[in-house]
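Structures are listed in the sections that come next.
The two complexes that follow have subunit A in common; it is paired with subunit B in the first and with subunit C in the second.
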Partner chain A sequence: MPTVIVDGKEIEIGAQERLNCIEAARLAGVEIPHYCWHPGLSVVASCRMCLVETGSRDPATGKVTMVPKLVPGCQTPARDGTVIVTDSQLVKDSRARVEEALLIDHPIDCSICDKAGECLLQDYHFEHGQPERRADINPFHSQRRDVGPTVTLFVDRCIMCTRCVRFTREVSGTSELMVANRGAKEEIDVFPGFPLDNKLSGNVVDLCPVGALGDKDFLYQQRVWFLKREANVCGGCSAGCSIVTEHNQDTVYRLKPRENPHVNKWWICDDGRYGWHHLHDPSRLLAAGRLVSSAAERETVEWPAVVTRIRDDLKSAGRLAVAVSPMLTLEEAWMLCAVARSIDPRAYLAVGHVPTSGTDQSFPGGFTIRAEKCPNRIGVEAIVGLFETDLHRWHNFLDHIRQGQADAAWVTAAYPGSWIDDSTAEPFGKLRSLVVQDLFESPLSRLATWQLPATGFAERTGTWVNVAHRAQTFAAAVRAPAGVWPEGRLLWNMLGRRGLYDPAAVRRQIAESAVSLAVLAGDVPPNGVDLRVNQIASA
Partner chain B sequence: MVTSQPVLLEAVGVPDGHSLQSYRSRGGYAPLERILKEKQPVDVIDLVKASGLRGRGGAGFPTGLKWTFLPKDHPGPIYLCINADESEPGTFNNRILMEDDPHQVIEGIILSAYATRATTAYLYLRYEYPQSWDRLQAAIDEAYAAGLLGKNILGGSFSLDLYLHRGAAAYICGEETGLIESLEGKRAWPRIKPPFPAIEGLFRKPTVVNNIETMACVAQIARRGVDWFRSIGVPADPNNPRDPGSYGPKLYCLSGHVERPGCYEAPLGITARQLIEGQGGGVWKGRKAKAVIPGGISMGLLTEAELDTPLDFAGPGKVGCLGLGTAAVVVIDDTVSIVDFLHNSCRFFAHESCGQCTPCREGTAWSLRMLERIRAGKGRLKDLELLAEIGNTMGMMPGSTICGLADGAAWPIKNAIKKFRGEFEDYIKHSNPNGWMVTDAVRALPVINGH
Partner chain C sequence: MKPTDPAITWLEEKPLGLAERLYLPLFIQGLSTTSRHMVSRKVTVNYPESRPVVGNPLIYRGVHRLNRDDAGRVKCVACFLCATACPAHCIDIVATESPWPDREKYPESFSIDELRCIFCGMCEEACPVDAIELTSLLDLTGKSREEMIFDKEKLLSVYDMTKDAEPMKSKTLAAAGMATFGHAPADAAPAGGHH
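Moving on to the complex of A and B:
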């Protein structure tokens, strides 16, 4: 195994691993500060913050020969025998000088900057900077200009790492951003008439190590140190990007991509990034309502009563049909099927409506926005497949209703937008009992006997399976609005299980019932597991 | 006066000397014809290697050795770039060559392309040289018409296309990878090395970048032979195995406060004093030299006492300068304030820094700002320390930047502060009697003399 020596400590790296000094030092637990380098972008080695001393150790004699000058850690490969020194006085002085140079023209307006608290310039200054200012003090000035519909640029905060420029050239492939002017008068800018307007634009804000690029959606909304972070999965499309939901007091403030080499690398699309506002929409359904038989009114039913009364209603109605929404988690879907079969042992189970929009949109950097706008079709199909020999889809389900083969239906939805029109919903009006569980009122839910509120993506706990058959588990980031029982809790209670809803217990049960899902029995790692891997092994 | 028979400049003063006919009458293109018929590319590399020719663009890297860095048996294309982005302040020898003897340059280019097996050559010309453009284009047209460029040169199997490319007036385009980026149509941000251009250069193909004067030297070596070339200049120091010697004639650009400024051909190793006194006719108006820039502003300063430094590739380095550079000797007489000199130098580099690497982008701007303040009568002794620190830490040599522009910006600062510290201190103390001792950060002044 190749050995790299970081500050005197020997670490082994994989024989096939192509690491630079920053990555190798990280393995040894040493952080080399850097601005311009990003694992997802090309190397420019221009910020010079990662300068280190390097050398090589002769494998035969063990004699170390050092390079007589500083080299950028991002550009220098770590090979067998590479010696990296990150704590010498030379390196420390060099970092302090780079930090000082970056602050010469920086406005130091941290008190009004959104990035304060998660700013690399701030962090590195505390760790590596000069104790006091030596450069002339500039009068404070602030320049801000819009570069696109989602992003605004604070020109003088920029440290010219050019990550954003490289992102638009290499990942989004749209090349809107560029460097204008020269020397210390350089600025990031867009060409007049060609704003930063693409589906990945929000990523440049995450990439910006300082507060130069601001997200208009998040601008001045919340101080970052008040935010709590929960690892989540985006429910916007079937790509199932790993995200971090940043929230405070059950209010989501922003979503950020979470690095996952198997799914989204370091990026998410703007549809997902800004696709959380429906969670806090005041028109959301917030209580369980049952149609009062005498009038077209709904009475609000307390949740413990809902558990028993829905069961009674559906049981007395007769033949049951259930649409399992691809917005549900594996666990919720499995419990829904189980509840349905406990009410009517011959209940008709189908995969719910799969919303789509346009076609898959791929970017040069390998990122794809899926046309299928739900996170768990593959997972729900697998669950429904455990209960039904033939896989019924939404159009089969509609036919089933239209042909009068069901007396009662339970439709789970939880779609963030409108998804059904009056004519599609109309045949449901003939049913004796209809349960509709959705985020918002829809033509279908208006016909429902039972109108149940659903939960949004950041309020769920469970497992989703994305388009590439990768199962990812996650916990709820925020609680559902007051008065709403999440689907999981309702179904858990309807199954007569004791205690709090425990998705892990349900997951274990699912894993026991199907070889293809057996891998879910244990803890699912943060990057998820590929369900097909197990199928190949079992085949 | 140390002189040599003008060889590189033999066409200067010859009526119509820039024409093909005139160049042929002086023996031009005959060696090319002979070499294309009788020699292999590797023979040309060996010839240039044996001559000890070092690149005339500034760094003085042995030309033959540079050519051997190209990958062997590469399927191609291999590119040859000719650097005529002559932007170093004080330098104008490429211009003389391009305007007065363009065919000498073109013959050198064809020979170099033959040696490197390049079939496409780009000549990157400085924007501010319209006459060079006209003369070169006319000469290229003549050469195409005469079968010296294009398909199957002189009936042989070797083909070469030569394109003129005009830059957009940026100093950084003279850096070889900056030039390559600019040729590719991008912002001229020098590339990180490795990979060096010989492995991955223009359009990510193996590339050689050579200077105009180097090309002229190649043509003359082909015509006059290795022995002639090695009979001129300074032989290698036998005690220093890393010194390849400084052979051949060199075009010195003498300017500033001398009686007869101009471009002079002299053997490498002529001292600054010999050049100023002899070719230059002495410092003007009977004054004395205070300082001399040995080879373009980025090489630093020689003091009066150091004028006997030989201007070869090793000489200026021995007295703390960066090197010979472009051999642009600028004389500064004793009425000039070194503070003003340094201010002008810093202004140039702050304007021309490409802005890629933090130490150079901010260091050049910071040094200009300090000199602005010093000249405005608000200087502090502390500023000299800061300037010296910037000078000592900025550049490719300490490892803090990608390209050598920062070294060029650092050396005038470093040399001026070290060699003329007394003058700076006097200036600061006299112009700022109340504040010269302040060490805390002060309020910045608006920069009004920057570009």
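Moving on to the complex of A and C:
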């Protein structure tokens, strides 16, 4: 195994691993500061913050020969016998000088800068900078200009790391951003008439190590130190990107990508990034309403009563058909199927409506936005498959209703947008009992006997299976609005389980009932597990 | 820290001396303190007929105010540092883009729950632009809880009301040649930041 020596400490790296000095040092627990380098982008070695002393150890004699000057750690590969020194006086002085040079024309407006608190310039200055400012040059005046519909640029805060420029060239492939002018007059800019307007544009804000690029959606909303972070999965499409939901007092403020090499690497798309606003829409359904018999109005029913009354209503109606929404988690879908079968042992179970929009959109950097706008179709298919021999889909379900083969139906939806029209919903009007669980009122829910509120993606706890069969578990970031029982809690109570809803217990039960899902029995790692690996092994 | 922690030095109480055991000398000592206060100048005042005199308004911590700049605009830049420093979580700010070209951000709304406030003065310490200050107004009353939540307009009106009697503390200190932390006296050369 190749050995790298970081500050006198020997660490082994994989024989096939191609690491630079920053990554190798990280393995040894040493953080080399850097601005321009990002693992997802090409190397330019322009910020000079990662300068370290390097050398090599002769494998035969063990003699160490050092390179006479500092080299950028991001650009220097770590090989067998590479010696990296990050704590010498030479390196420390170099970092302090880089910090000083950057701060010569960087405004000290941290108090009104949205990046303050998560700014690399702040962090590195605190750690590596010097307390005094020797040059007394007043920075040029604050200039702000929009570079696109979602992103705004604070020109004077930029440190010219060019991460954003490289991102638009290498990952989104749209090349909107450029470096204008040279030397001290360098600026990030867009070409006239070609704003930064692509589906991945929000990522440049995450990439920016300082406060130069701001997200207009989040600008001035909260200081970052007020935000709490919960690892989540995006529910915007079937890609199932790993995200972090940042929230405060049960209000979501922004979503950020969470690094996951198997799914989204470091990025998320703008549809997902800004796709949380429906959670706080005032028109959301907030109470369980049952149609008062022989009247067109609904009475609000307390949740403990909902648990028993829905069961009674559906049981007395007759043959039951249930649509299991691909927005539900595995656990909720399983409990819904179990509840349905406990009400009617021959209940017809189908996968709910799968919303789609356009076609899959791929980017040069390997990122794909899926056309299927639901996070868990594959998971719900697997769960429904455990209960039904033939897999019924939404169109089969509609036929089933139209042909009058059901007397009662339970439709779970929880779609963030409108999804059904009047003509599609019309046959449901003939049913003796209809339960519709959705985020917003729809033509279908207006026909419903029972109108139940649903929960949004950041309010759920459970497991989703993405388009590549990767199962990821997550916990709710925020609580559902006051008065709303999440699907999991309702179904848990309808199954007669005691105590609080425990998704892990349901997950263990699912894992025991199906070999293809057996891998979910244990704790699922943060990056998720590939369900196919297990299926191949069991085949 | 546990009682067995080696960092703790345990001291034995001294045994009582003769004077303590006799009881009378200490009795006289206590009684003399009482009688001295009986004849000395009284500290209490007949509030509200007469009002207490605030010794040094610069360090007194009474009702808050939001200062105005030279153009009459609210000085606050909505940085949330007061809300961050506040141990009672009584400050609520909604920030937005400022309508003025020379300012980036300003508070759309700024409210302080005076009932929740513990008057510790941390907000004043934290403020980087000397926008929030504690005045020497000490009688704070209201008929309802809602009335005691001071919004931006009310806090600005406290400034209008008190600005003549109590000029902005940064200006007073600068006039006295004392620089507060992070703010140079007015006549000195600017050192560092431009905000």
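Note that the second predicted complex is superposed on the first by the 536 of 539 C-alpha atoms of A that agree within 3 Å, B and C clash if a C-alpha of one lies under 4 Å from a C-alpha of the other, contacts with A are read in each partner's own complex, and residues count from 1 in each chain.
Note that in this section a contact is a pair of C-beta atoms (placed from the backbone, for glycine too) under 8 Å apart; a residue touches a chain by one contact, two chains touch by 3 or more.
These figures come from a predicted structure and were not determined experimentally.
J.: Is the number of subunit A residues in contact higher for subunit B or for subunit C?
T.: Looking at subunit B versus subunit C, the one contacting more residues of subunit A is B.
J.: One more residue to check, A:136. First (subunit B), second (subunit C), both or neither?
T.: Touch partners of A:136: subunit B and subunit C.
J.: Applying the touch criterion given at the start, work out whether A:126 contacts subunit B, subunit C, both or neither, answering first, second, both or neither.
T.: A:126: touches no partner chain.
J.: Let me test your reading of the model: by the given contact rule, A:104 touches which partner, first (subunit B), second (subunit C), both or neither?
T.: First partner only.
J.: Which of the two partners, first being subunit B and second being subunit C, lies in contact with A:94: first, second, both, or neither?
T.: First partner only, subunit B.
J.: Kindly classify A:219 by the partners it touches after superposition: subunit B alone (first), subunit C alone (second), both, or neither?
T.: In the superposed model, A:219 contacts subunit C only, not subunit B.
J.: According to the stated criteria, A:112 is in contact with first (subunit B), second (subunit C), both, or neither; which is it?
T.: second
J.: A:49 in the overlay: touching subunit B, subunit C, both, or neither? Say first, second, both or neither.
T.: Only subunit B; A:49 stays clear of subunit C.
J.: Enumerate the residues of subunit A that count as touching subunit B in its complex and touching subunit C in the other.
T.: In the superposed arrangement, which is not itself an observed complex, subunit A uses residues 133, 136, 138-139 for both subunit B and subunit C.
J.: Which positions of subunit B touch subunit A when the two form their complex?
T.: Those residues of subunit B that touch subunit A are 170, 187, 189, 192, 350-359, 361-366, 369-370, 373, 382, 386, 389, 393, 397-402, 441-445.
J.: Please name which positions on subunit C make contact with subunit A in the complex.
T.: 77-81, 84, 95-97, 104-105, 128-129, 189-195
J.: Per the contact definition, I'd like the list of subunit A residues that touch subunit C in the complex.
T.: 107-109, 111-112, 133, 136, 138-139, 142, 144, 219-221, 223, 225-226
J.: For subunit A, which residues are in contact with subunit B within the complex?
T.: The contact residues of subunit A facing subunit B are 43-49, 51, 69-72, 75, 93-94, 97-98, 101-102, 104-105, 132-139, 159-160, 178-179, 181-186.
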